[in-house]
């Protein structure tokens, strides 16, 4: 008889994301994970955080999980609906967005993200969707939270194409390019670990490992020489409060399990 | 016994304005004269011309004469209401406006208009309201129609302050400054005459004199050496059709007579 | 988290002498009750801005609150020139007023640029006029002319504006500050969003649910708003679409009073200093002119058609 | 002057091979019936643009109508990558596709600049990314970097876009083309207004009087519009707020079909070439999937509250 686990990996990852959100944060989200993470935060420690979608929606009240940033369920009940120029221009470029969530087919040690092309740009092995809102979110949100699969293909020493700048090629680069001060990637949440960025080197290091994973396994699955935090410890599993919100309020049908099929195990 | 005249001077002037409007023209209007002129055109030879106010209104359906560009009566029934950026940016700067009406405390021979200050700018004898929408309308509308009182104080060789550029200091000036091609003042309608601009010299010349006025009187009341058209003739008085529209549709209460008190006689 | 408060508290807490204020409204939705409160609290040395200004800015200038004005236009419209504005410029009464003058294209674009985090914005007007010749407190930062790097054409750039506080009067807002308008907008949306914080004065506070029934009407999101004040008739003698008409009679009173400095001071005393808030202002209005005149300002009602955002 | 016509005539008259088109909608209000008509009429060599593209642009690319794409993103969202888009770029099938890539900040700003007659617009994104390294058909005109004349800071300028034709699908328009929307806007307002002429496809043609009951909902004025087409369900399989939901099932059909070139061609034959217009498309939809599935797409209705513009 199979015992139902207390939580699944995507739920742990959503909780990791949630914990990065502070009360009163203005958060720009896509679909899936980010929305789940932001909503966990809203229902626990950050009741005053507010969410927006780049398509033009602020403070939506969806009655079903949104499957895109333009999902029909984002319309009824939202506090404000405009267009891309309102959210990406007036709110994000205007400097009002604290947290942006991003994911990518490739993420490198400086938190640069590739959603454009695998291989050579002009003769891609695989053409990806392109920037969409990723580049401006990664450029202009105060803290970017990155979601990634943890293997040597998805993580990279250097991405094939920088769609969205993290710390580019290291310390001082964002400043040189004129990106706003105090912006940049804060964390990479993977299916094995939480990586943070060294304030000096701007390189991602291992901060916590998820239950069931080891430091050795994680280092092995990271394509750069992964530094390990002095205070390395296990990721705190979802708390009872977090799980209650997840299971009873946000996702009673367990739709988040779809991420398990995408490799988030 | 006083016989009611067939028309008053402000009505003639409004008709002169109306005749400058072509069918399908997009017209930006203020209040009073311009609106009256545009509406005469709309009800006679230019049924498809459309009107807008800089405050953000397109194709208003006022039930009373608007007393300002933000008059309450411009709201109900309009086809589109936005803000200044929509009308002044998206329509005017976007290059869609054919005709703009302007008036000024001083108008000079090159069609430059002063609505900023009489006397020295820094120690004005009389401080006027400022540009408002006048400068961009005069800069960007394809044809600017100017309404002015005809005396040596209101007309000038050179205005004290160019709030709104006409032909500035003569031929080629608008081009040098980079104003859009094929824009500029088309006509000055005064209470005595219609002045047009010489295509070569860009100087205003006498095209037609209103009934009751003479070329000599007009030349005398113009502070620059006013050239007279070879085909100088009398301004065509309001037609029966124009007067019918004015008296029965647009202004049954004869409110336009207020302009007589302001000197338009 | 409700931000509903009184105008007195909102102004005391968020508006300080020396601030740069955007104050919205031109005949339509002027933030008159906020302006009266600013005068009442004796706030000084303000820099103010809006495209198109009228009796509200004239009063603020006459009351001595303003030292700098990023302007395009000030007049009493139908009633002619703004007398306090003229006295300030022509005679330095009550004190000197510095003007940085733009137009109804360039200034709204500067506010839009401020709202959108653009450092500057290209505009096609201003050139060839003396508005380029006169510079005041912005000095060389008033504008720049560059050769466009795209086609070499001479291009005027004007700077973004980011006022310290934006004050707008709207039809309705929820307690957190999501603010909704309909009808003539002026530069209100961009002026408010360009500001570092926003005070929302409104005809009625509505629930968050009411806002959510028609989210396309919202022009300012809650996270920019620091105070929400329910101030019915807050735009008088201006108007609010769907609520009340312009009070032309009162506009004439103001014009007559402001012809002289003494008349203006008497007007201030009667309508600002002797009133402790908007309620007492309206009480005084009714005492002075009768309820009938007050009631006559009330707007007719005509339904817009409901739409649905459902799926 | 009524501009109401059929989609067939609107496209035949106003869209030509070689044109630069803005086509609005991303899941919300995609102009699908216009896109089908463009494919049906064999229009080629188009340059297309929109921030965020989905199955509609994927289909247009797969059908061989597009040679250039000013883009930010193309995916089938929930259903993964756009297969026609990938085949065009990875294998040149049906032919090579040139991409000029921007982002969901910079491209909407470029359309806004186009709409507002600005020659270019400063943006804060793009820097530090490889999007600055790759240039395609715009070449050196893709962007410029200048030192801001105001503060010397390095500033990216991107050029205004002015498409030849803008095509949008909206909730309602009057016969002259005043077009109204509510709900998620994407870059539709600026894309349409940046265009030299606009084709308005709508769920319903309403009278000018209906438009006038709520003029703040209008995003395009009549004078920019050259054709109005009443095309109910014109955004299917996308959705229109207040009218119908996304058809996820049909999206899956498309994704499955477009996995292979043959499957895509069969899809095109069935849903585009074998249908003479939107009516026969819907007839075929009902024949194929049943009226029940069609009816299930219909939106619920929830009233917004009426407001008044009266005085």
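Think of it as A, B, C and D in the order they're written, each chain with its own count starting at 1.
Note that in this section contacts are C-beta pairs under 8 Å (C-beta built on N, C-alpha and C of every residue); 3 or more make two chains touch, one makes a residue touch a chain.
These numbers were taken from a predicted model, which means no experiment stands behind them.
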- Message: Of the chain pairs A-C and A-D, which one is connected by the greater count of C-beta contacts?
- Response: A-D
- Please report how many Å separate the Cα centroid of chain B from that of chain D, as a whole number. 40
- In whole angstrom, what separates the CA-based centres of chain A and chain D? 29
- Task: Could you put a whole-Å number on the gap between the CA centroids of chain A and chain B?
- Result: 58
- Of all the residues in chain D, which ones touch at least 2 other chains? 109, 116-118, 123-124, 153, 155, 182-183, 185, 213, 216, 239, 241, 245-246, 302, 309-311
- Where chain B touches two or more other chains at once, by residue number: 57, 72, 75-76, 81-82, 85, 89, 92-93, 140
- Message: How do the chains pair up in terms of touching? List each pair.
- Response: A-C, A-D, B-C, B-D, C-D
- Within their complex, chain A touches chain D through residues 54-57, 67-72, 74-76, 81-86, 88-89, 92-93, 116, 121, 124-136, 139-140, 161-165, 168, 173-174, 177-180
- Item | Residues on chain C engaged by chain B in the complex (per definition of touch) | 26-28, 51-52, 71-75, 77-78, 81-82, 85-86, 89-90, 99, 101-106, 108-109, 112, 123-131, 134, 153-155, 182-190, 239, 241, 245-246, 248, 302
- Message: Which stretch or stretches of chain B touch chain D in the complex?
- Response: 24, 26, 48, 50, 52, 57-59, 61, 72-73, 75-82, 85, 89-96, 140
- Within their complex, state which residues of chain C touch chain A. 1, 115-118, 174, 178, 193, 208-209, 211-213, 215-216, 218-219, 221-224, 308-311
- Message: Quick check: in the complex, which residue numbers of chain D touch chain C?
- Response: 109, 116-124, 141, 144, 146, 148-151, 153, 155, 157, 159, 171, 181-183, 185, 210, 213-214, 216-217, 239, 241-242, 244-246, 299-311
